[in-house]
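What follows is subunit A paired twice: with subunit B in the first complex and subunit C in the second.
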Partner chain A sequence: MNNKISGIEAFFIMCMFSINTIILNAPKLIIENNQTGAFINSIYIGIIALIFLIIMNKLLNYFPNFDILDIANFLGGKIFKIFIGFLFILIFSIIICTFIAQFIILLKTVYFKDSPILFILMFFILCILFSNLNGFISIKNSICFYFPISIITLSFIFINNISNFTFIKVTPVFGQSFYNTFIQGFSNIFVFTNLILILFLPPFCNNSKSLKKATIFSLIFSCILLTLTIGILLSIYPFDNSISNFNPLYSLTRRIELSQFIERADALFVTIALFSCFSYIGFLAYLITQTIKKIFILENEKILIYSITPYIIGFTFLLINTNTYNKSDIYKNLFNITIYIISPLILFISALKKKLM
Partner chain B sequence: MNLKQFLIKTFSYTKSNNNNFFLPKNPNNIINLPTSTMVSTEIKKNLNHLKIKYNSLINSDIVFRNFIININNTNLKAFLIFIDGMVNTESINDSILKPLLLKNSIQMIEKNHSSRKLNSFNLKKFIYKKLIPQNSISTEKDFDIIYKKINSGYAVLFIDTINIAFCIETKQIKGRTNSKPQNETIVRGAQEAFVENIRINTGLIRKTINNENLIIENLSIGKITNTSVAICYMANLTNDDLIAEVKYRIQNLKIDSLISSGELEQLITDNKTIYPEIIATERNDRTCNYLLAGKIAIIVNGTPYALIVPAVFTDFLSSPEDFNLNHYYGNFMRIIRGIAFFFSIFLPGFYIAITTYHQELIPSELLFAIAGAREGIPFPIIFEIILMEISFDLIREAGIRVPSPFGQTIGIIGALVLGDAAVSANIVSPILIIIVAFTGICNFAIPDFSLSFSLRILRFAYIFLGYAAGLLGIATGFFIHFSYLLTLTSFGISYFTPHIPFSVFSKNIYYNLKPIWKREYRNEYLNTKNPLSEEHISMKWKKNN
Partner chain C sequence: MKKIISLIFLLTFILFFLTGCYDAISLEKYHYAIALGIDTSDSTKLKLIVQIASSNNSSDSSSSQSTNTEIFSVDCDSINLGLNIINNYLSKKINLSHCSAIIYSEEFAKKGIKDTINALANNPEIRPNCHILISNSKALDILENISNSGEQFSSRYYDFVINSVESTGYSFQSEFSQFFYAINNDSEIPIANYINLNKEAVQSVGIALFKNAKFEYYLDSLNSLAHLIVSNRLKETVISIPNPIDTSSNIDITLKSGKSKTTNKIKILNGKPFISTNVSLTGKITNMPYFIDNENLALIEKNLNFYLKDIIENYYYTIIKKYNLDLNNFSKMLSSQYLTTTSFNKLNWDQLYKDSFYNVSVISKLYTSLYTKK
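Moving on to the complex of A and B:
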């Protein structure tokens, strides 16, 4: 079977990243920061992320089929490659564990009040373990399978909540102030976690041109989806002070009425969200193993897969016990610095070095 | 002695060389097996060789027919060897013994031959060309080949002074003639099924596909059984690499015996999995459909089933009837089967998950009804459902094993009496009986036996997962299960082709069976030599005006 991914599969993988960010926390964080200005802010950060993406794509043209680790190796040798590798492992770990922690807390609050966290966590860990043991083909194909289902479900949730829309709640669209929406709100750009993939996908892709197209389209798609979600959430919930501690999308599912046959369908939507979550964290775990494999030039992947699972368990527990899983500032800055400052810098200097050689 | 050795010695089985048989040991019992591998010019040697090899003193069905042929007033000793029950005795009498033994006929033929020409070489030619009026004869010198011929129903003729044997095809293996399909019944379509005899089966395929491009290659598998295996494909359609792969796998089987196609199926699949990866069909029309689609059929002598490779997941949810009926009916049935597949695997798990963790999903009235029905039942829901599922499988198994007149009775008694008694005795709730029965019915709707079997087993996993963590457990199970399925291949082709890997413009999609005049393309994944199965406008009569 083909180990490489096509353009459309790259599009699906990148969109899956944004869907998961949206399902869990991104809209809530942006709305918390910018209130009604979140709607404009999401368009604004989307445009800036797109400009970044185009610049990074241009710089990546100098290194066809190279990922960021190969480029780091080219620029600063083995030590620099290891440093960059660890930085990205940290980012991936934070994304996975934060995501799992948030999902676990949601599940525990709603369905498993009496179950220990470790019990719920084990299901996530099993999914990571088995999807990685089954290999890359299985991971990418499962993303391609669950992506349309997730999109249909999201659309279904939105359409079913049309009756609850109050458009007046979206105003004032520019939010509290220009500073708050456009200057302070710039840091919200971290929600486009899928940008990280353009640094790692090139070796997996058949055609670098189609990958570039896919990244641009996926970012546009993510931006539209994010804006739409924020718009819908704003038009339903009164976000004047702070939004509910509950996941707002989950709250939307509880408002859905499916005649008398299904009284409350939230559990079904959570199940579909779980599928998308499992495929997402499976792919992130795969990226971690691949990064470790690459920086240490390892052969046996299976042992790595087995060993990252206790690492993820430990990290998730750490985030839950220290209650840092919902403190977005911690990884917001780390992510923004790595993706929007360090990575373009590495790409730029490497491109310069290559040009001068 | 280390720990490992100690454990092995204590707990493992060690073979004993002394069997406690009562038979006295007799060193004179040892038989010297013949060492020569080539046919001798001395008939006595050949006769002894075969008698020893075939244990003629104790083997009752090995027939040695000794006789003398008189050619040009010279008496030549000859013998015929064959296996009784595998040959056509009339054919032996009429085509071998009569021409050789009737002196007049020999002398009549002799008139055209001068005596000086009757040397050893010409004798072979003479017998081959003039004396045996049989359509298929070959001459062999090697005993290994001769054994194979005898074992497969040939009569082999040995004549003194000639160091070759005449292998004459006289096989007639008695067995079932064509019958109706037993396990793949349909309403519209041919009612002709394969039988145990490989030649009848290949003949059936030839009868349906009247084309010289249909190739039926024969291979012999099993060091002891030498089972005939026929590989059938369309030379002008099937991908050459696929043919080579199938032959490579079959030819590289180092086994002693091959009794059924089920054994062969397990020996040539890509993955060791609970899911079937090769279609087994008893229907000739289905086999021919697949051959014309560019797939390969493998028929094993002794089994009334053809194996079709490669197979993708949706093939196991398709019925031969889909193609015989109007495409609207076909599509409807396919959707129904898809739903049956879903319920067959998930329904009991869902039931347990919803009633244990997600009660808010179902309407309050139904919830009260379920709670009311469970009132007075002392067991937890998991026990109830496992009990009923196992009972259902037991009834099913018993229905198959008991003699056919009782089969239906067992089913009815099992379903009605046991179910009713279990409810009355407050062992299970009535709703659970509905769930289990509905799941069972859905399972029967799956056209492929192996697939429905795998669902029966996997259902238990989902029951436990649903009990452990509700929909989270089921979602986890499904994710892992599906993730594993995505790794499966059948002869190198992904199990979920053409739906996954994602393909936007797939021409043949399971849930959208096109009308027959629109089925222009063969499956892309088979990479056939001719991708078109019909012209763009197949109903020319409609467009001609």
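Moving on to the complex of A and C:
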């Protein structure tokens, strides 16, 4: 079976990552940290992430069709590869479980008030199971199918709320202080979760040049989307105090009124967001199975999904029961250290080693 | 074959569980609240009044869709507790998804309404466009009188109070979502529609202003009109000014926002905030029985400009000097001239605001049905 993806498909997959991060709480987290400085901060972290991406792409040139695990193997042997592999499994698990937990809470609060959490969770788990049992092609195709739909939905939300955008609401442009916006706000770079994919997509891609183009365009796209979302949210909701735990994009959709007949466009938004979420978590689970496969050199990774799903159920329940699904600090630091410090270091030292060999 | 079986299994699963059959509660199992009223209580923290659409259609009703209402009230310590108590003696559960208005009595609003607003905000059934009304009398009286207003559709009971604002300009449409964010935000002044019960008739009479989440002042209809003009929210209103041509009569003018919007500017001049407001409006003379030439039209325009300038200056005096409320969010406007909030905070806006001075200029363009354009 051909597991390869084209440049445009890589672009769709990476953008789907950012769309899902934005649909959930990324803009709200940035606004809470930086208030009106969030607008500038999103552009700032976008530029920093782009610089990182270009550096990483240059370093990855030394290892065509290698993912981070292959490079770790090259640098430090099997033990180092296992260590790095587990680190990424942990990150993927946190992303997937936090995402599912947040979505479940939204669904339970708004629509399934009387349903048990396990019942709602089972839809996510079944989706992960079915998509992974059907293989990479079905996951990739579902992402490519739902990406344009998600974009249309988001554009629809923006168009309906763009009239509320006033520049005065996003001022003072540098927020609380320069330190808060540029130094403390630097940690917000974790919202670009799609950067993780440049370390894992090379073996899946036919053409490394088109993959690099796709990564750069997807990051620019994510940055524009994030900045736009933050601008509109800041214009509508004063975020001086952290007051509402409601999903901000969901709140935006509740403001949309399409004549007297469709007063609740939010249901449409949740449906589309749910489908894009299904394709996203399916791909994340696939990355976990791929990483385990590479660590332990397995032949068939499909069967692994049966053992991963109970682990996802348990971890999601843990996050919900301990009410930690909204606490991004630990995840933020882990992600930033792994992606922006450990990974470039591995790439840099491996490139040096390869040059010296 | 394996794929077909798994597909059938999946579709069957979706059929039973995703279509809402699993835990669906059908419409007839709910009582739909049209409005909530919140009053003070002697024994508890509040009195919750729920007005619900009754399913018993009156026999003499002219339409099959017309509905009656029932009003239930309970003394309780919180809104959720009150709803629970009412649910306890009703056959069906109360659902707030069709609640069009939340009415607070002035007496209760003066004690602070933040807790009740936050409690309602946590209920996803409440629509963001549900209206907040502050009444000069008991909320129960409003609910009882509004159901006697002659409106057949209970869902439209509050339409005439809320929508009349668009054509009169005497108040403000206060939506729940905006009110909720304003009441929880230090830099915003929460405002709501102020209604009056007068001889069994409910009407909007101004804007209720909150300070520290407590109802403190209200703007009368002229000040409300000035607020709508200054904040570019005026849709339409009718005013009557003395006729400069014939001093014994008045001229009725229908006012609308002009092509260019009202602009507000603020800067610090001699250590004090200087507010400059340029108003642009268009108007139509509606009761002039004779032809008006250019000269007279200019005279009427001049009178109108003077009249509007006067009410806007009076409005500024009221909110700045008397109430010390930054209703137009001038602090936000001024803060846009600063790079960071820290540098803006050094200004000590709260102390500075009451020393503000202002300049208002009004440019209006008049049309008449007899003389089409100046």
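In this text, the second predicted complex is superposed on the first by the 349 of 357 C-alpha atoms of A that agree within 3 Å, B and C clash if a C-alpha of one lies under 4 Å from a C-alpha of the other, contacts with A are read in each partner's own complex, and residues count from 1 in each chain.
FYI, a residue touches a chain if its C-beta (ideal position, glycine included) is under 8 Å from a C-beta of that chain, and two chains touch if they have at least 3 such contacts.
Given the structure is predicted, the values throughout are model-derived calculations rather than measurements.
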{"item": "Which of subunit B and subunit C A:F112 touches, first, second, both or neither", "value": "both"}
{"item": "First (subunit B), second (subunit C), both or neither touched by A:F88", "value": "neither"}
{"item": "Subunit B versus subunit C as contact partner of A:F99, first or second or both or neither", "value": "neither"}
{"item": "Contacts of A:F275 with subunit B and subunit C, given as first, second, both or neither", "value": "first"}
{"item": "First, second, both or neither for A:S251, with subunit B first and subunit C second", "value": "second"}
{"item": "Subunit B versus subunit C as contact partner of A:Q176, first or second or both or neither", "value": "second"}
{"item": "Partner chain(s) touched by A:F130 [first = subunit B, second = subunit C, both, neither]", "value": "both"}
{"item": "Which superposed partner A:A265 touches (first subunit B, second subunit C, both, neither)", "value": "first"}
{"item": "Overlap of the subunit B and subunit C footprints on subunit A, listed as residue numbers", "value": "112, 115, 119, 123, 126, 130, 263"}
{"item": "Subunit A contact footprint on subunit B (complex, rising order)", "value": "357-358, 360-364, 469-476, 478-480, 482-484, 486-487, 489, 492, 494, 496, 500-502, 504"}
{"item": "Contacting residues of subunit A [partner subunit C, same complex]", "value": "35-37, 109-110, 112, 114-115, 119, 123, 126, 130, 167-169, 171-178, 181, 237-238, 240-241, 243-244, 251, 254-255, 257, 263"}
{"item": "Contacting residues of subunit C [partner subunit A, same complex]", "value": "6, 10, 13, 17-18, 22-23, 25, 118, 121, 124, 127-129, 177, 180-182, 184-188, 332-333, 335-336, 338-344"}
{"item": "In the complex, subunit A residues that touch subunit B", "value": "1-2, 6, 8-9, 12, 107, 111-112, 115, 119-120, 123-124, 126-127, 130-131, 134-135, 137-139, 141-142, 144-145, 260-268, 270-271, 274-275, 278-279, 282"}
